[in-house]
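Shared chain: chain A. Partners: chain B in the first complex, chain C in the second.
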Partner chain A sequence: MTHCHSSAPSVPLNGGRIALVGNPNVGKSILFHRLTGQYVTVSNYPGTTVEVAQGAARAIAGAVVIDTPGIVAFPPRSEDEAVTARVLLRDPLQSVLQVGDAKNLRRTLHLTVQLAEMRVPQALALNMMDEARARGLNPDCSRLAGLLGIPVACTVATSGAGMDSLIDAVKHAAISKVVLAYPPAIEEFLASAEPLLPEARISARALGLLWLAGDQQADAWLREKAPVENLSQLEALRAALTGRLEEPAYLVIQRVREAFVNRLAAEVMDVSRAAGPTFGMRLGHLTTHPVWGVPILAAILYGLYWFIGVFGAGTLVGLLENGLFGRVINPWVVEQVQRLIPLRFFSDLLVGEYGLWTMGATYAFALLLPVVITFFLAFGALEDSGYLPRMAVLTNRLFSLIGLNGQAVLPMVLGLGCVTMATMTTRILNSRRERLLVTILLALAVPCSAQLGVVMGMLAGVSFGAALIWGGVILAVLLLVGWLSARLMPGKRAPLVVELPPLRLPVAGNVLVKTAARLEWYIKEAVPLFMAGTLLLFVLDKLNLLPGLIHATEPVITGWLGLPPQAASAFLLGLIRRDFAATGLFHMQSHGLLSPLQVVVSIVTITLFIPCIASIFMIVKERGLRMAAGMVVFIFPFALLVGGLLMRVLRLFGWS
Partner chain B sequence: MKLHSMKKDERARPLSGGAAMGLDAAPAGSLVRILAFGDLPPASLQHLQAYGLLPGREVKVLARRPLTIILVEQTELALERSVASQVLVEGVQNPV
Partner chain C sequence: MPGEDGFITCAVCGFSFDPSAHEGCRACPLHSGCVTACCPNCGATNINPRRSGLARLVERLFARKTYETPFDEER
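== the complex of A and B ==
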């Protein structure tokens, strides 16, 4: 059990900083939460835009734990990984706690060796012992501790097993006794390079090896700290070494580490039996199977449609909007306001047709909140299940048609959550070209949760066939625009290499915590915009400009799209946030003002609109003003064009 | 080449005469040893090596379609054909 016995700390730990470092998908964040509890702050790591969580350790007085982004190995390959290198190079750390995957012992030890070379006090948590044992792998933690000369704890983060020995290990973090001998050419390079390197938080030897392997962070740090003449001497040394080696220095270093790690792993790993594949592994293989993978994907998408569209946007919204708000809260609020504020103008501002309460707050809380909550729950569970990278495998061929690889499925699916956030996550993609392509497709053809739920609710009110038409048109637009822009844009497509983590049952607590955090963000971000949009409509209405504006857009709305004139105000709102428009249309549908054909046409059009003002800001920030302006000018007319064409095609097929 | 080793151990026979082949050509279920890397951009190469795809390592091929999926230690890694074909391997054990 995880009671702490920290009353007798063996080393003074006041104010010490402990960095959690490890490969991705090793349970680092869960261990972090077990070590820190609830007092955690998440903020951008200084000098970067990557978020890092920090918290006071519960069982170690005065210590602060830093949760670094998962790193496959040094040198880092992405913006996230670079932060981990930065923490090690620049943060005044007291010790490093490596979290490793017990069943991938060699991969874990490759990182352990690199940390040992840095000569920072370190401890190792061999996590996921349960998964290792299920595969017949039994690493001997105390033996490993003896061989490495650092404390090693065997843990299962999900159940909390081994937490006591982990806290003990952290308190006794030590500098490892492991020193690897590299081929003479590299050793000679290191011997001459070390005196030229400035004093660092990690050993000169490790710094030299990182720099030799091409680590960008180490390079930047050197350029900042080392005198120019030392730098040119170092570069000359490196050039001389490269001439002497037959292979790249990186590979030579890796081979030495690999040989050491293999010996070590063989000594401490007891393989009891060649265990058969577990249920999770079998299911995992089915999800990427060329035949069975597709129905599984379809079933998951249908499940999402049902949970968010039918349950969230149908049942829950019905209970909240018609029941709680329609019958109980709003009549009472309207009565109170009209009684307390006799001035018509001010009472209208709150509870009129475009009232802050009757429109703004009701839309935000009764119509959207249930939808957004069900979406965040479903998405959080999907994220934790390990299924998303498998979607990348299944969809790789599809994305290769539009000049991308399956990795693009991650921002695209995140876009189903929030296009603004997803635009930011395009950073995980490898090239500028991919980032730009995905940004365009996100802005044009990926509906976000706020809107998606309303859309699903509306479609569920028509028929499943209507949902298929909507999905088909959006997918066709996505492929067509993607195909065209991939051909127009210079550059080469990057091939897919992706890790498939084991499928896991999501932990309810973890999903709830994530949902709560995202919900807080949504309320802070979207609700004020809802109010501002409502206020804008109210002012336009009071100045008698609204009828004029609506009249001006009528040729497009009624003529070209074949919608009732009231839809114009919904579309005007769609310029601010398209879920406003969707919600307005939902409102019209539930009052019988839209025919099935009009529902499909209007929501296809609104889905193709730019998501919201916030997403435009994000595109400007990530891709620049020119790109953002170009997208706006292209997307709005294009969305209207597709909507009108769809209306005519559907009429041809006998819809009315 | 390795014909006599076949007699010693029927199961450890080379898959296609012990010749090097692309990882994408290895049958699903087989065990292969990594020999060398072909023409890959440095970024892709370092990415693979970070997962432990190093010369001498033995990896299991789990699937060939829709992508090549391999097991390195206990990590499943999916590689597109254009990458897998540049990882040269030799067969260690046929599918069982």
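== the complex of A and C ==
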């Protein structure tokens, strides 16, 4: 790897703070750990909940490196990005080390130019050089260093290549010689505004540009530091400029920077040996295409339906439930228990109709385990292939119809794995409105892995048409409730910004390890709850309360939903875990107790049913008790309402 | 899957990160039994295979098989 000095004089390093700045996902954190070693401290940045890591630089005596949150560009758009802006504005820095992605040179340079305008000593680490070269991209670091007037080191953070050059570059960090010329109106504004700005850690020109572009951090800093009369004059100048410009100032500024960055990138990037896009790149592009992405998603969903529903819930469950458990294990266990425990009450507790073994363990291991294993394998393969973020990009268009923030799609996709963890992930959303909206949709209409697997298995036992009806109803409910909630809680929609990893063939080892980890977590979380649910049914049965409960729910279960009365006990289990209820219904279906119409109605109802106990606890923790109670009060009757209406509509179309 | 360097890849954004690098987790009273790790890039909560005995077992089995392949011997 190479390191290229600029011609500008470097700033001597005498043990100051070095801020590590860069776009997200460029290997910044790996470089941070390589620069600092193991001993780093992580604490919330003052006044925020954003964690910032800092540690002593191993090869630069006395210097401390601060790993700032990834930022796309200034002005920042999230609380995390705002911390990076605050570090630059408020912290005494010796220099800034920008980490950039060599394959996305223009995006890297866009931030470089903004940092250059700040007139802070800087160095650039052009990282991921191996990936850039593999794509036939050869940025000329030496030429780039010359043109920018700062040291540039070419690195591969994952392998550690170029680290010596990088340390040398940091030691010789220099103030860039880049000065961009903006249209006369903006230049006149800057000339008038600069004398009014208080002295800052970044150049007055950069501060003026940030403020003009609407940077909230710069605005807050100015309101704190600038005299009131200067602030009034600045606002007057800005208002006058806005009147002169035909489009917003930030757009004009961005265009000038873009033009400069395009010229610079063209000068330093050698693409003569660039290979054409690989098959993976072309396919990756198609997966997010608004037209071609949809059939690809449909094909993937069909593959999931076949693998989890037909193979997992059909073939494997058949082998385990009917074969291994039905013919071998359970008859033997029942015989042994009844022989060893003569007391009927205790033997029933283990092997009776609601026995911990015959119901709890059999549901968990014979019915659900094959389904969740196939689901986790499929989910792991999708995850390892890099398809999930692409699915988020594709579905983002759909969610934009209901005014949902693009970032909100990420927890929804994650919810297919586990709704509880996805509810926790809603923390990444910027506004309270978004967090609330996504939590409601997750609780209502996003089925988790185990439930989705059972649902696919039940639908595979009816027809693919039934699967389409189920999918259509759930999607319609998701969009309708999302749309209504968004109308009730109006707010600004922000675009989805997500890094797309390269699309690749899943590695079997990765998928197996992830499946094993998820399986262990699932067994630890779900099986005890299955046992608790079974115990509840057993107690209710022994106290002769269960028949009364089934009878009491008959108007809803039989009358409104058109299901057999036994389905009441499955719905009762749904109060503990939706997948437990789905397994109960699955069991009924496999014993011929549900007609195709009843299968579709019952699984639509149970999909929309209240989420599992763990999710409810998470909602209480994240959104508060009142909100959690409100959601349960809404979801419970709503699920029954949709199920009953669907039954009537399907009957009109001849379903029975 | 954690690589040899202990990094795991986020399910949502594909970001590779070291789950042990987040000192904040160590202060959490539930840390010892926690199997999750938050992606520092997008914030998504991921299962941390390093925390699962079953995953470590599978990883060991798989690693042994990998080293025995002729491809690796040739290398």
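Details
The rule we apply is simple: the second predicted complex is superposed on the first by the 383 of 656 C-alpha atoms of A that agree within 3 Å, B and C clash if a C-alpha of one lies under 4 Å from a C-alpha of the other, contacts with A are read in each partner's own complex, and residues count from 1 in each chain.
Basically, a residue touches a chain if its C-beta (ideal position, glycine included) is under 8 Å from a C-beta of that chain, and two chains touch if they have at least 3 such contacts.
If you're wondering where the values come from, they're calculated on a predicted model, not measured in any experiment.
By the touch criterion defined above, A:Ser165 lies against neither chain B nor chain C after alignment on the C-alpha atoms of chain A. Of the two partner chains, chain B is the only one that A:Arg107 touches; chain C does not reach it. Look at A:Thr278: by the touch rule set out above, it reaches neither chain B nor chain C. Legend: residue contacts after superposition of the two complexes on their common chain; A:Gln254 is shown touching chain B, with no touch to chain C. In the superposition on chain A, A:Glu383 makes contact with chain C only, while chain B stays out of contact range. In the superposed model, A:Val393 makes contact with chain B only, not with chain C.
When the two structures are aligned on the shared chain, A:Ser192 is found in touch with neither chain B nor chain C.
When both complexes are overlaid on chain A, the residue A:Ser595 reaches neither chain B nor chain C.
In the superposed model, A:Leu410 makes contact with chain C only, not with chain B. In the superposition on chain A, chain A positions 389, 392, 498-501 are in contact with chain B in one complex as well as with chain C in the other. Across the complex, chain C meets chain A through its residues 1-2, 7, 9, 11-18, 21-24, 35-36, 40-45, 47-49, 51-55, 57-59, 62-63, 66. If you check the complex, the residues on chain B that touch chain A are 42-44, 46-52, 54-57, 62-63, 65-67, 69, 72-80, 82-83. The touching residues of chain A, counted against chain B in their complex, run 72-73, 75, 77, 101, 103-107, 110, 131-132, 135, 137, 248, 250-251, 254-255, 258, 284-285, 288-290, 293, 389, 392-394, 396-397, 405, 430, 495-502. Against chain C, in their complex, chain A makes its touches with residues 24-25, 29-30, 33, 40-42, 51, 53, 70, 383-384, 386, 388-389, 392, 410-411, 413-414, 417, 421-422, 424-425, 427-428, 498-501, 507-510, 512-521.
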